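Presented sequentially are two complexes of chain A, the first with chain B as partner and the second with chain C.
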Partner chain A sequence: MTTAADRRMPASVRMRRALTNGRVTAVLIMLPPALILFTFFVMLPLGESAWFSFFNWNGYGAPSNFVGLENYDRILNHSVFHIAVGNTVKIVVISLIVQMPLAMLLALLIYKKTPTNAVFRLIFFLPYILAEVAAGLIWSFVFDGNYGVTASIAGGLGMGNVFILSDPDWAFAAIMTVIVWKYFGFHMMIYIAALQSVPQDQIEAARIEGARRLQVIRYVQIPAIKPAIVVSAFFAIIGALQVFDVIIPLTNGGPSNQTHTIVTYLYTFGLTRLNIGFGSAVGVILFVGAVTVALFYQRIFMKRAQG
Partner chain B sequence: MAEVRLESISKSFGGLTVLPDLDLTVPEGSFTVLVGPSGCGKSTLLRIISGLEMPTAGTVRIGGQDVTFDEPSKRGISMVFQSYALYPHMTVAQNIDFGLRLAKVPAAERQTRVAEAARILALTDYLDRKPSQLSGGQRQRVAIGRSIVRQPKVFLFDEPLSNLDAALRTQMRVELAQLHQSLDATMIYVTHDQVEAMTLADQIVVMNAGRIEQVGAPMDLYDRPQTAFVAGFIGSPKMNLLPGTAIGRDDVATMGIRPEHIAVSDDTGYWPATAQVVETLGADTVVHAHVAGTGDVTVRLPGDRRLRAGETLFLTPERRHLHLFDADGHRMQDPA
Partner chain C sequence: MTRGHLTRNLMRLAFLCIVASFVLAPMLATVLGGFKTNAEIRTNALGLPALWDTQFYGAIMSDPAFWRYLGNSLVISIGSVVLTLIVGAAAAYVFAQITFFGSRMLFSYVLLGLMFPFATAILPLFIKVRDIGLLDTYWAVILPQTAFSLSLAILLFRTFFAQLPKELFEAAYIDGCGYVRFFWRFTLPLSAPILATVGTFVFVQSWNNFLLPLVVLNSRDVFTWPLGMMQFRGEYVTQWNLTLAFVTLTILPAIVFFLAAQKYIVAGLTGGAVKG
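And now, the complex of A and B:
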C-alpha cells in the first residue's frame, strides 16, 4: 500500500525502497502463476468467444464465414431472447422479493445456537447442497401431472390432471418455486452467520429501551447485518443471471420456449444447434450484462453498506 | 429514584446454581456497588434486577412494586453495558433518543432531553457523529446519556469502565460520582475492581460464590471486614492474611493486618523479615517481604522511605489493627 508519505518521496527513492523491501520480488514471484492461469482460462476464452461471435460458425474447422455484427442483430431481434431476458429479470426480482425475505425470516427464527436450530438449519440448507440437475429431476416428479404430488393434490381437489410444467402460463412459476426452494438456504446461512455476530448487548439494550421483538429486528438486527444483506443480494442477482441446470431437467426451456433464461437460450440456440458463433454472441452479451451489473452494484450498494 | 429490594433470590442455569439464596436492599438514592471476583454472580444479579434474566425463585421489588415478571422496559430501569452496546448505524443523538422514539415521545421533548443529556455529558459537539468516530470515553458517555434521557428510577451499570485505559477510567469514575450527585438517583454498579467500589460507593456489596459476604459503607468494610474473604478483597495492596500462630494465637485460624498497619524498624521488631521486592510508587513504597516460618508479608511505607531488595527488616503489626478470623473465616471479637 502506498501511503501519502511515500507519494511525497522522489521517484528514485521510491523505486529503490520498493526494490529493497521485497515487495517487488514478491510481486514478481507470486503474480505470474495467477496471471498465466487467468489469461489462459478466462481472458483467452473470453477473447476467443468475442472473436467467434463475428462468424457464422458451427464449431468445426476454423471460423471463416465473417458476418460482422449479424449474430448480435439476430439475437437482439429474436423474440425468444426477449423472453429469456424477461425470465432472467423475473428470477432476479423473485430472488430479491421472495427468496431473500424468506431466507431472512427463517434465519431470524433459527439463528440462535441451539441443538434444535442446528437440525432445522441442516434441513433448510439441504436443497442447496443437492446438485441442480438432481433437484430439477426431483421436482419434475413432484410436478408430474399423472403420478406426482401435484397430481395427487389436483385429484384430491376433484380437478383433472394438471401438467404444470407443460402449461405456458404456469411453467415458469413452477421453475421459480424450485429456484427459491433450491437457493434460499444459501442466503439463510449468510444471514445466520451475520445475525450470530450481532452483539447480544445491543439486543438487550434495545429490550431495556422498550423495543419489542419486531422493533429489535427492524432497528437493531437488520441494520447491523446490512453488509451481509448487500452481499447476499449480489449473489442472488449474479446467480439469477446464470440459472441453467435447474431448468433443463424440468422444462428444457419449453413449453414453446417460454421458460428459457439467457443461459438456457445460449445452450439451446447456440450449442445444441451448432451455432457456435451465435452462442458466442449470446455469451458476450451475458458477460457484458453481468459485468455491468456487478460493477454498478459494487459501486453503489457495497460501498454504501461499508460506509 | 427508588429502593430496590431482592427477596430470597436464587438462580440456576441447568444444574448449576449461581445464586443459592440472596436477600439485598439497595436504599433509595444510594450508589451501591456489587463487587466480587469473576464468576461470583454479581452480573447475574444485575441482570435479574434489569429483567434480562429471570430468577429461578424469589422476588424483585423496585420502588415497592413486585417487578419479578415485568419486562425490562417496564421496570423503570436503564442499563449501561461494559461493551457500551451502542448501535453503530445510528448517530450519537439517535443512540441517545432511541428509547424515546420507541416510546413515541414528541420530537420537541426528545430534542430537549437529548440536548440536556449531551450538555451534562459534554457530548453536544458529537451528536451527529457515529459511535465509530468516538473515543472509548465518549462512547461510554453516550451509553450513559442513553440511560439519562429515559429518566429511570434506577441506573444499572455492568462493569462500565472495564474497557477504558487507566487514565480514562479514573476520569470517568469522577464523572460518574458527579453524575450521581447531580441526578440523585439510585445506582447499582457492578465491578470486580475494588478501587472503583471504594471510590464510588456509599454502599458496597461484596459477593463470593453467589453469596453476599458483607454489605456496608466502604470504610466499614475496610475497617471491620466480617469475613476473611472481604478482608482480602477490599484494600490495595490487599490485607496480609497469616495463620494465627504468627502472632502466637493458637485459637485464631487467620489473622489479618493491612500493609499500612505494620511498623518497620531496622534493628528490632516482632517479625524479622527479608525484603524481596520493593515497589517505589512515589507517594508510597510497597515492600514485599518474607518472614521465615510465617510467610510473605506486604508492607506500605511512606514514599520517602528507601529500601533495597535483600535488606533485613523488623516488622511489628499494630495490635489495635489486627483482624482475627475463625476457622470458618468469620470475624472474631476485636483484639483489645
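And now, the complex of A and C:
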C-alpha cells in the first residue's frame, strides 16, 4: 500500500523518495530469499513429481525411459494401494465417529476454567506434543506379545502369547487406537477454545427458559461452535492423508502389507526401491487427493459454516 | 449443592479419570520400564519396579551417540526457526507494507504451499538435495523444512504486521527512516508474540520430523534423535528397558518445553495446524 505521507507529495518527489527511502531496495532484498527457497524446495519438486511420474527411472542420470501413464496404471491396479487407500478412509471414519465425539464430550466436561479442568486439559493434550515416532514406539511396547505390556497382561490372565501387531485382522485396529490416543486432545483443544467464546448469556437465557443441560448443549452450544467442528473435521481428513511416522515403528506396513497408508506406500514402493517414477506418481495422486479435499471442503462446508 | 449435582460431578470426575489413565498408562509404563530388568518387564510391565535400577538410564546418558542425536536435532531445529523467522518475516513485511506490480499474485503463489502435504514432493526433493550435494548435511533438512514452513509463516506474519499502527511508520518515514531499517528497528521488536508462536511451531515440527531426515540423512553422524531412536530400537529389539529409557529421555525435554511454552505451543499448533 502507499502510505498517507506518500499520497500528499507530488509524483516527482514521490519517485525520488521511492528510490532513496529504500522501497525498491526493500522489495529487492527482502522478498527474493523467501521466493527462491519456496520455489526451489516446494514448487519445483512438485512440478518435477508430475514430470518424473511419466518415466521408469531409478534416480540416476536423466530420466529417459518414457512410459506414459504406465506408473499410474500399475498403482491403480495394485492391491496394496487399494489397501492403503482403504486404510486412509478407515482413519477418517474412526476420526469422525470415535475421535471427534470423544473430544467433544471431554471438551464439554472440562471447558470451564477451573484448576482441576486445567490439569485434565494438560493430560489430554500431552500425547499430541509427543513425536509420532516416540508415540509409535511406546505403543509397540504396549502391543508387544513377547516382552511388552500385552505379554505381561496375557501372562497374568494365563493366556498364551497374543500378537496384535502381526495379526492381519487386528493390526490396523491397533494403529487406529494409537491415532485416536495421539490426536483426540488436539481436537478437544479446538472445541474448548470455541466453547469458551460462546457468550454466557445465551446459555443462561436457555436455562431460564427451562432448557435442560443436554438441550443447552444440543441447541445452543453445538450450533454455536459449528465452525470449530468443521475445521477439526478438516484437520482429521488432511491428517489421515499424511499418516506415516506412527506406522513405521508399529508395523512398518506389515503384516503382509495390511497396514499401509498412502505415504508409507509411497515410501516403501517408491523410495526404498528407488522407483522414482513410480513413487512420484503416488505423490501426484496424493497431491490431487489433498487438493480435491481442500477445495471441495471449502466449497461445501467452510462458507456455509461462516456465513 | 444438591445431591444430584454431587453425583453428577462425581461421575464426571470418574469418567475423566478413566480417560486420563488411558492417556497416561502407556507413558507411565514407558518411564517405569526404563528402571526394570527385561525379565521383570515381561511379568510386570505396568506396575512399579521391584528394584529401581538406574543402570539402563545411565547407559543411555553415557552413550555419546545419544547426545550427538539430540545435538543434531537441536542445531537443525534452531537453524530452521532462525531461517524461517528472518526470511519469512522479511517477505511478509514487503507483502504488508509495499504494493507493487504483481505483489498480490506473488502472495497467492506463496500461499499455494498451504494446500498440499509435504510427502507429495519427497522424491524429487531427495533427488534435488542429492544433486546439489547436500545429502548428510544439516542443510538437507533445514532448507526444505524452512521452505515448507514459509507459506504459513508469511500468512501469519503478514496479518500481524498489517495490524501494527500505521502512524508509527509514517512518523519514522518522515524522520528519514527507510523500509529496511524500519523493519529491523520497529516491526520485528513489536512482533515478539507472533514470532514466538511461529518459532515454537517450527521448532516442534522440526524436532519431531521423521520423514525428511529419514530420506536425506544416511550417516549416523548427522542422525536426528527420531532416526537415532529407530536405529537403537533395531539394535536392541528384545531389550525393551534400554529402548524405553531412550524414549523417556527424549520425551522428557519435550514435556518440560511444553509446560514452559504452553501458551505459544497451543496457539501455534492449533492455529498453525492448517498444515496438518
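Everything that follows uses one rule, which is that the second predicted complex is superposed on the first by the 267 of 307 C-alpha atoms of A that agree within 3 Å, B and C clash if a C-alpha of one lies under 4 Å from a C-alpha of the other, contacts with A are read in each partner's own complex, and residues count from 1 in each chain.
As a working rule, a residue touches a chain if its C-beta (ideal position, glycine included) is under 8 Å from a C-beta of that chain, and two chains touch if they have at least 3 such contacts.
These figures come from a predicted structure and were not determined experimentally.
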Broader residue contact with chain A after superposition on the shared chain, chain B or chain C: C
Contacts of A:208 with chain B and chain C, given as first, second, both or neither: first
Which superposed partner A:125 touches (first chain B, second chain C, both, neither): second
First (chain B), second (chain C), both or neither touched by A:90: neither
Contacts of A:40 with chain B and chain C, given as first, second, both or neither: second
Touched partner set for A:133, first chain B, second chain C, both or neither: second
First, second, both or neither for A:220, with chain B first and chain C second: first
Footprint of chain A on chain B - complex, ascending: 50-52, 71-73, 77-79, 81-90, 98-99, 102-103, 146, 150
Chain C residues touching chain A - in the complex, by the definition given at the top: 12-13, 15-16, 19-20, 22-24, 26-27, 29-30, 33, 38, 41-46, 87-88, 90-91, 93-94, 97-100, 106, 109-110, 112-113, 115-128, 130, 143-144, 146-148, 150-151, 154, 166, 169-170, 173-174, 176, 178-181, 183, 204, 207-208, 210-211, 215, 226, 229-230, 233, 238, 240, 243-244, 247, 250-251, 254-255, 258-259, 262, 265-266, 269-270, 273, 276
Chain A - residues contacting chain B, complex: 199, 201-202, 204-211, 215, 219-220, 223-224, 226
Interface residues, chain A side, partner chain C - complex: 1-5, 20-23, 25-27, 29-31, 33-35, 37-38, 40-46, 48-49, 52, 59, 102, 106, 109-110, 116, 120, 122-134, 137-139, 141-142, 144, 146-149, 151-153, 155-156, 181, 185-186, 189-190, 193, 235, 238-239, 241-242, 244-245, 248-249, 262-263, 266-267, 270-271, 276, 279-280, 283-284, 286-287, 290-291, 294
